[in-house]
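Labels run A, B and C following the written order; every chain starts at residue 1.
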Amino acid sequence: MEAFYEWFQQLYDSTGWNFVFMYDEYERDRLLEAMWVTIKLSLSCLVFSLVVGVIGAWAQGAKSAILRNFIYWYIQAFRNTPPLVQILFFYFVIGNLFPTYDAGGYQEQYIGAFGWAVVSLSFFAGAFNVEIFRAGVEAVPTATVEAAQSLGYSRLKAYLYIVLPLAFRVSLPALNNNLVNLVKTTTLAYIIAVPEMMYTANQMWSDNVNVSEMMIVLFFFYVGLVAILVYFMHRWERSMRIPGYGA
Amino acid sequence: MSDLPVLLPSAANLLNDAGRQRREGAFRVDLKLWHGVVLVAALAVVLGVAEAAGNAKESPWAVLVNWMPFILWGQEGHWQGFSLNIIISFFAMLIGTVVGAALGLMQVSLLLPVRTGSWIVTQFFRNSPWLVLLFTIMLMLPFEIQIGDTIIPIPDWVKAVIGFSLPVMANISEVVRGAVISLPSGQWESAESLAFTRFQTMWMIILPQCVKRMIPPWMNWYAILAMATPLCSIMGVEESVTFTQQAMSAEGGRPELLAPFYVFLLVIFFIYIYPIARWTVRLERKYSVKI
Amino acid sequence: MIKKLLTVVSTIALALTFGIQAASAGDNDRLMKVLNRGKIVIGVKADYKPWGFRDTSGKLVGMEIDMAQDVADALGVKLELVPVQSSNRMQFVQQGKIDMMIATMSDKADRRKVVGIIDPNYYTSGTNVLASKKAGLKKWEDLRGKPVCGKQGAFYNKPVSQRYGAKIVAFVGNAEAKQALKDGRCVAWVYDDSSIMADLASGDWDGYEMPMMTEDDTPWGLAVPLEERDKLFGRFMAGMIYEWHQSGRLMELEKKWGIQPTAYLKQMNERLKAYSPN
């Protein structure tokens, strides 16, 4: 392994191509952590936005008009403002309303920058997911729901066991589009200093003046990540296909 | 509404929407007038809050008004600030459309290498984050090129235009390809039977029918591009967000100015993009093809 | 028909590739270019009050802009200012986009390999932090494990985090970083001491202090292209800096822009004061 790293040091000395994270341990740790943070951020946002979507779709069909209105305003607000501004708003404005604890001279928030990035991006993607899941839920034939009720399923159980699986399969294509966009949007977390790939690459090229090398790494990372996601997405869609539905 | 246990119309709508989104690459920008009203109200609110919070050395509203001309059009005799955002979006859209249309037509070519090559290019630029593409172009291109005896300077905003035109080109390519393959194959077959060459078919029969279908997604991409132009502020291009940040630091970095200045930016972007978004929706309804 | 088109296009492409070259450098090239053109392009900061910032008409003003004007006047050419950022200022000089830069750049060994930094240095500043008095920070070691706000791209972020184990939280702009400090998201804001002193003097920051010993007192350097550092351009700029120190011009500018008088400038002025036979 050491020889591998040594080779990059030689590469730098001879050609000037400075892949500093290969031979410098501090930078290598930084970059690996950044990759891990980006993946963690993407996965957390994926999962939470799905949860927000499911709950929101259920709330849209609720009896209470207040709840329905609230979801409507939530969707409008999050769909029509730039996600960058949403992240800043959550971190600086909402963050200040939250309780803090004294951690020796400064107030430590229970939710740090990473947490707020997850919250903000999940609500952003969740707004789109609510619409998607609602359409999916509406697509379930009434005859099926009635059949479930006649078999003694309670409303909640019918939703969980009959409606949701079917709605999910129907919404999958639209959902997958949204999730791929979400992964690309996680680069915005850089504005509130979440140490993900974009932020760390920026720091590294400021410290080491090796912009082009870091660019290459960034490119490969993101294109690779999106390609992997799209690949699994297509496989999932194919395995979840409803016969007779779709082109 | 059917009594039978068949998937209801919203399933078909969802599939159409998903397909359309995949073809065109993004959601439709759907702004309403009351969104703008809410934004202006938000501006008033944050100004009020800033007034209360600040040292009242100078009212945040007065500060904002002082800096407004600078943020909107920059210095005298220069096209900077928000006007530069518009200029960048215009030129990036122009280049992106021309190159993207060519790329899209290459994707439906009969030659396999052309098809594969253009597919790779399209997918690569579609799936790269815009920020990374922008950074790459702005840092790699030289600031001037010498052809023979003349030196042609490449200002920063031109590099930004090129940087933005890459993802736009890839997405327009997808739009064009989607429009071309959405035409019934009967059109191609009748053209063939009438002895049109492929080029003639494309130019005289297919493309004219496609143009109508392509206009709404094309305008949607312009709206998305216009909203994305502030990304180049990270590279110091002298547009509205850069100038906002410089104005804030000239005011001593007072934190209470953060919200008013950023909400002001939201308002001016809304004022520019809202008419485009509305027009897109109207055109889409007008051109929706009823078979 | 298509074949014809392809041949034409490929010929043009080939011709262009051979024709396009980046501008090449040589002896005293840059200075000669400046004098022939009658215009010097100097890179300055546009967001670092009071060294380089904007007034409401958008004009660039500040201490370093005044210095740039002095340079242009001495050469007898017009001045054109280009706003630069920490991330691109050295690259711009290298590429030739700007002829030189006076942009609050700290003089570091690895930077001297990239651009021609001129001796003597025209200013110094050190790294320090702005922290709330309640935090009770006394020395740099107190920052271990604590979040410290900073600005993205600053060179002292890495040493502070490596040396003292502070967790640097870097924002795009100082306004955002200061807001985070005020919100209590970090225990301190790391920046250079002259800016912090200016902020404390402005009166917006009662209850805050600059507690540490200023570290890494790093001189600032202005830079010309590397290949001209030991030629006419570099020598000329060295002369300019000498003159600025000797005549007290820098101290005068410091006062004009409300910067806290630094010991360094005073020392240099004393040391280099012209001999007057009395």
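Odds and ends about this structure:
Note that a contact is a pair of C-beta atoms (placed from the backbone, for glycine too) under 8 Å apart; a residue touches a chain by one contact, two chains touch by 3 or more.
Please read these numbers as outputs of a predicted model, since none were measured by experiment.
At the far end from chain A, in terms of centres built from Cα atoms, lies C.
Central chain by Cα centroid: B, whose mean Cα position is closest to the mean of all protein Cα atoms. As a whole-number value, the distance joining the C-alpha centres of chain A and chain C reads 38 Å. As a whole-number value, the distance joining the C-alpha centres of chain A and chain B reads 22 Å. Residues of chain B in contact with two or more other chains: 139, 258. Shared interface positions of chain C, i.e. residues touching 2 or more other chains, are given as 91, 172, 176, 179.
Among all residues of chain A, those that touch two or more other chains are 88, 92, 211. The touching residues of chain B, when paired with chain C in their complex, are 55, 66-67, 69-70, 74-76, 80, 139, 142-148, 151, 234-236, 238, 243, 245-250, 252-255, 257-258. Per the touch definition, chain C reaches chain A in the complex via residues 86-87, 90-91, 110, 114, 131-132, 134-137, 146-147, 152-155, 157-158, 162, 169-172, 176, 179-180, 183-187.
Partner chain C is touched in their complex by these residues of chain A: 26, 88, 92, 95-96, 100, 103-107, 109, 113, 191-193, 199, 202-203, 205-207, 209, 211. Partner chain B is touched in their complex by these residues of chain A: 76, 79-82, 84-85, 88, 92-93, 128, 132, 135-136, 138-144, 147, 170-171, 173-174, 176-177, 180-181, 184, 187, 198, 211-212, 215, 218-219, 222-223, 226-227, 230, 242, 245-247.
Touching chain A in their complex are the following residues of chain B: 1-11, 13-15, 17-19, 21-22, 26-27, 30-32, 35, 124, 127-129, 131-132, 135-136, 139-140, 227, 230, 258-259, 262, 266, 269.
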